[in-house]
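Common to both upcoming complexes is chain A, partnered first by chain B, then by chain C.
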Partner chain A sequence: MTGPASGPVPNSRAAGAAFIFKKSLISALVALVLFSLMIGIRTEAGSTGQLIYWTRLPELATMVLTVFFGSIVIELLRQWWGPVTTIRIVPKPIARGLAVARRGVAPVLLIFTFLVPVIFYNQRYILDLGILVLTYVMLGWGLNVVVGLAGLLDLGYVAFYAVGAYSYALLATNFGLSFWICLPLAGILAALWGVMLGFPVLRLRGDYLAIVTLAFGEIIRLVIINWQSLTGGPNGVSGIPRPSLFGIPLTPGDDGLAARLGIEFSPTHRIVFLFYLILALALLTNWVTIRLRRLPIGRAWEALREDEVACRALGINTTTTKLTAFATGAMFGGFAGAFFATRQGFISPESFTFQESALVLAIVVLGGMGSQLGVALAALAMIGGFELFRGFDQYRMLVFGIAMVLLMIWRPRGLIGHRAPTIFLRHSQAISSDLVKEGAG
Partner chain B sequence: MSSSVPILAVDHLMMRFGGIIAVNDLSFSVERRQITALIGPNGAGKTTVFNCITGFYKPTAGAIRLIQDDGSEMQLQRLNDFRISKLAKVARTFQNIRLFPGMTALENLMVAQHNALMRASGLTLLGLIGAPSWRRAEVRAVDLAKLWLDRVGLLDRADEAAGNLAYGDQRRLEIARAMCTEPALLCLDEPAAGLNARESAGLSELLLSIRADHATSILLIEHDMSVVMEISDRIVVMDYGVKIAEGSPQSVRDDPKVIAAYLGADENEAVAVMETGT
Partner chain C sequence: MAGTRLTKMTAVQAACEALDPVAAAGSHCYKSLAAPFLPQGPGVSVVRQRQRMDYIAYFAQQLINGLVLGSIYGLIAIGYTMVYGIVGMINFAHGDIFMIGGFIALISFLILVSIGLTAIPVILLIVLLVSMAITALYGWTIERIAYRPLRHSFRLAPMLSAIGMSFVLINFSQVSQGARVKPVPPIITGGYTLLERGGFVVRLSNVQIIVVITTIILLALFTWLVARTRLGRDMRACEQDQTMAALLGVDVDRTISMTFVIGAALAAVAGMMYLLYYGLVDFFMGFVAGIKAFTAAVLGGIGSLPGAMLGGLLIGLIETLWSAYFSVEYKDVAAFSILIIVLIFLPTGLLGRPEVEKV
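Entry: the complex of A and B
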């Protein structure tokens, strides 16, 4: 440890070489203990079932040394960077440029999204990925109403996705109803289930609410698996009709769209159509949410997230306010579910596991709770980024997990960490996320 | 309606928490368009009375009647908390400020007008399509919010997050938010707590102007005697859950029971203290 006289000590966080060495040594020791069993010894069952094991000391040593030098580097980086709360003064022109860039992100992203089918017309893979990303953008925006605005932690959002998907699948296969009739029906049914979930959990807050919504998601999935006569159980529902463009099917037949327009049929037409369909649905979700935020109901949702007791003192019926949040979020989930069913043509309970709920929630949290642009960026990063890491093969999950951890350290309140006011007198000032509450249930 | 009819009548109110009786057989009334102060040492049960009036607690026994301008009565102990604000028009502030910190001052005041705006937005449907009637209602709501921001001196800070405002500003914003619900009775729980002398004087002025300009009666809990004595028309004194005195500021100030409660001495000693003091 260097004394105050022996060198400049800018602040208490900057410590001497001895401190760093000690810290790295401890990290290396922890790594040694952990990895000695995980990496140091490899076991395998022999041909007769006996245990064969051999040691892998070079690998172990590499790992421990990596941790040792890695923690030295991290500690040095941390000293160079200064305490986390340090406010960095950015030169004015750069700050102004950043502000302009930030404002431009949303329009540029939107225009690019519109052009994706034109640019990547011949790349089926990119179009499919685009559809997938947009589906999650829509789900994220839907869940954002519940989690981001109303501050109600919902771990069972996939239930409404499933209700929407099965509503369309069953109505279309059993009664032959078209997609455009089933779409609102799927939304309404999902909203009804949202209210049904809402009622019993109204009194619950925080962790307890999360557990009940988690259970609700599982209940829906288990009912779908076991109610064989209606849902087909684990076999799912197949032969779900494809959507038509206002009654004109996108098929190679004489009454198909291609034949009517007098162009050559291509299966890509349907993909492009699906792309614009989910884009329209997602933009509808976005538009309604932005609109609702500026209406009394949306402000009441945000007020509920900030302070429920104060809401009650102001005469706001917190019961109906929470239920409308659940119903609205569920409705968008239902729309997305109906789209999912018509796109896949086949659905089974396997598509509606807890992992989906967790993924959508991660998108909302990562995006910055309550921020529409943040959710869209997070969906792009999560779904698109996951595809990007395909090259890492078996380390895909690992790399992805590390990327997420780093992102949350760097931006604990999500990509877009500030809240935009819904109304202003003179000028709109973004509100720092330190002030915005996350909601207690 | 003659002004002699009180706006709020608390009759034989009792609140029991397990074995503890926080409020016992308390009766008092709040006169119409007057400022009534509820004072007493710490733990006397003042905030419990407030929570009973505003519906956050259900009283164990007794009645709380709100007499409206047309003479009709509402039994507040039978209403849910949010209905007390919505139907009976009783607004309150909190001892520890409860603003919506992540929303701007203006947004806080818009949330306060939730019920009126919900009706105007046709339960959201008219608002969603942007009907002209909704737009007019929103402009009116912003005007009301601006009026109150101006009254509490926060018009310049309308677009700032409530959580970023100075402590005294937050106190005043909370009163403005309560007034935006257009209440018949305004209940203030220690509005001067944590304010300096100048801010306290400003608060007194604000409360007096509310009494003068609006059909709002005020009930307040307060420890700052300079505020209480200056603005109250009547004072109710509580100690250990019961009322020990009631009357004009002057009569309460000279009541030996009150002095005993505040000094922690028994009654005779207090009288002795007073006599030697004067």
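Entry: the complex of A and C
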């Protein structure tokens, strides 16, 4: 908490020091008032149910001093770095090198991803983390269709993830259907829900669209919690069957894959299988998105994002364009949900909160809206960053929140940068999140 | 808002209704057991008459509860709508500001009681002022840190920054005050019986009176502030055209800061009222309350101040009536569904100005 941010730039060094000191003092005072009650005093329900409290003055003092010195450091860094508006010119050879490196990133990353289970075969933790990252890459690519391509801001994407997960879980546990039959079903059901969400929001713009999608996500979650006879309510669904390799189960039994191949059974086989499964699903999402961009419908999405009025004037049916965008994005969310259910073996409404939607949206925006590689790298950075804080579980969301704020201030247009439109008339205009206003594009 | 006193009460009533819709028409369970011993009127028509009265009394009680809840939502919704009108962003952290206000009211109340203050009105006044002041500072700081650097950035940036700030606030109070629900004993007790018909008592408690009166006073003050003062004029100017306002000598930065300060102070009042009314706070209460208040602001037409209050009252009423007559579990679903339905037919809300589509 740094308090006041900008002010007159002082000329002399001494004046600068006094200025910094004064600013930091104000920040510390603000921090003192802010934290006086929230940190200085701790309340807790006592043994008789009566609230008791005790003071935590040392913690309060530590926080205020941290703010004081932190704000001195930030101020010094800011003066050393200079005004933000200064343009730093990168030398030509370095720029050329960077461009080459940028082109090489995607294939190298893809090859590396393919090799992860080979390199880290014995490190279960890394494999699990890889699966998690790939799940979010897939979700990010799915949401990218709605937000990045069609320019419709969706704050309730997690609803489709939930629909996919519950479709698979309920179909598999109640009717014994296999993963490979349920996967398309989950996608279709999620797409149907996408269309259902799409209808009411067709006419909405701006923040109305944001709040309706958010409300939709909450409605789905609340119905899952309360419809106990179907979904098990807050207890969730357990005992979801594991996937099989086209009918061959990955179990130690006689008919298992290991026995058939004549190799020794290891539980890692299943993890590796899951890894390649989600990788395949994610790559499918990517491939479909790239192909769709070149079809009339993809062009229509991008046109819709750029200018809805012009779209209508040119005879593009905005209704179907919007609905297909929602349906396509939702379908990929549904696939990811089905995968999530089969991987966890247990799902509950707690996995489908607004936080997940916000996380996926943050990945898309940080990835630079519409850039497939950017989304993948942002997912890696976000989930990887999350994992670094696994030890400090209770501070995780705190750090995630601060990181989101800082990244927005530092790189509001995404970590990776922009992507040019697939086609353009005379000059290519950089795409960025300015265009996601509101479904109006 | 799950697990509150109000919803438990209405849950019992709803259960009664499900068991015996005629006898329990809006009454507590034991009343239906006692029904045979009540003096009987001559003939069926009187019985019918009484049942209709029961129904009316029950409805009146729900109306009171709904209006009280709606006042709280309305106070939060004003903060959303004001910020949206002037800066054009959804301040996602506003619901959590409300939660912080509740926490600060709780802590300052505990301290005041433990240092031996006994006069309830004095305590309430001090708690109100302290929580308004500190929460307003929270609003100011958040604007300064998370939104001001993004003022001229693209549209999504402040919203994502606000979502991040909301996570920060939720987690901050979870870490600093613990994850458990903090209950307080009822601070204001007593009330009046307005109506007693057919065995159902319509009560108006003192807490409810205080909530409604405080809301009305604050609204009057706020309307005066917007309509008559220099600051209010600056705010309206910034809402219409920030560049032009700046050219004409309005300090835009200061006006926006003050908007956040006022919004946070109103949210703090809402937090304190929530604490008084339901007797508990917890670190996650801001999320649901925030979404509903935002729903209220959108329902009333975002950017419109009377709309925010109207939307708040409507959401409060819808929620209460739905819990009373249908199901408690689905009250939030009802509120959100009505939002979606209203927006299908009135895409700019009830009192919002229609946006002209420019090419």
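To be clear about the criterion, the second predicted complex is superposed on the first by the 309 of 441 C-alpha atoms of A that agree within 3 Å, B and C clash if a C-alpha of one lies under 4 Å from a C-alpha of the other, contacts with A are read in each partner's own complex, and residues count from 1 in each chain.
Please note the rule applied: a residue touches a chain if its C-beta (ideal position, glycine included) is under 8 Å from a C-beta of that chain, and two chains touch if they have at least 3 such contacts.
This is a predicted model, so every value here is computed, not measured.
Participant: Could you look at A:I94 and tell me whether it touches chain B, chain C, both or neither (first, second, both, neither)?
Facilitator: A:I94 contacts neither chain B nor chain C.
Participant: In the superposed arrangement, which partner chain does A:N226 touch: chain B (first), chain C (second), both, or neither?
Facilitator: After superposition on chain A, A:N226 lies in contact with chain C alone.
Participant: Report for A:R299: first if it touches chain B alone, second if chain C alone, otherwise both or neither.
Facilitator: Touch status of A:R299: first partner only.
Participant: For A:R291, decide between first (touching chain B), second (touching chain C), both and neither.
Facilitator: Touch partner of A:R291: chain B, not chain C.
Participant: May I ask you to decide whether A:V309 touches chain B, chain C, both, or neither, giving the answer as first, second, both or neither?
Facilitator: In the superposition, A:V309 contacts both chain B and chain C.
Participant: If we overlay the two complexes on their shared chain A, which of chain B and chain C does A:V30 touch? Say first, second, both or neither.
Facilitator: The answer is second: A:V30 touches chain C but not chain B.
Participant: Going by the contact rule set out at the top, does A:F216 touch chain B (first), chain C (second), both, or neither?
Facilitator: second
Participant: Regarding the shared-chain residue A:L398, is it in contact with chain B (first), chain C (second), both, or neither?
Facilitator: Only chain C is touched by A:L398; chain B is not.
Participant: For A:T318, using the defined touch cut-off, is the partner it touches chain B, chain C, both, or neither? Pick first, second, both or neither.
Facilitator: First partner only, chain B.
Participant: Can you tell me whether chain B or chain C touches more residues on chain A?
Facilitator: C
Participant: List the residues of chain A that touch chain B in one complex and chain C in the other.
Facilitator: Shared contact residues on chain A (touching chain B in one complex, chain C in the other): 307, 309-310, 432, 436-437.
Participant: Across the complex, what residues on chain B touch chain A?
Facilitator: Going through chain B, the ones touching chain A are 54-56, 81-86, 91-92, 94, 98-104, 106-107, 110-115, 117-118, 121, 124, 127-128, 142, 146, 155, 158-161, 163-164, 177-178, 181.
Participant: So in the complex, which bits of chain A are touching chain C?
Facilitator: 1-5, 30, 33-34, 36-39, 41-45, 49-51, 53, 153, 200, 203-205, 207-208, 210-212, 214-216, 218-219, 222-223, 225-226, 307, 309-310, 354-355, 358, 361-362, 365, 394-398, 400-405, 408-409, 412-413, 432-434, 436-437, 440
Participant: In their complex, what parts of chain C are in touch with chain A?
Facilitator: Contact set of chain C toward chain A: 84, 90, 100, 103-104, 106-108, 110-111, 114, 134, 137-138, 141, 144-146, 148-150, 153-161, 163-178, 180-185, 287, 291, 294-295, 298, 302, 329-330, 332-333, 336-337, 339-341, 343-344, 347-349, 355, 357, 359.
Participant: Sort out for me which residues of chain A touch chain B in the complex.
Facilitator: Those residues of chain A that touch chain B are 288, 291-292, 295-297, 299-300, 302-303, 306-307, 309-318, 324, 419, 421-429, 431-432, 435-437.
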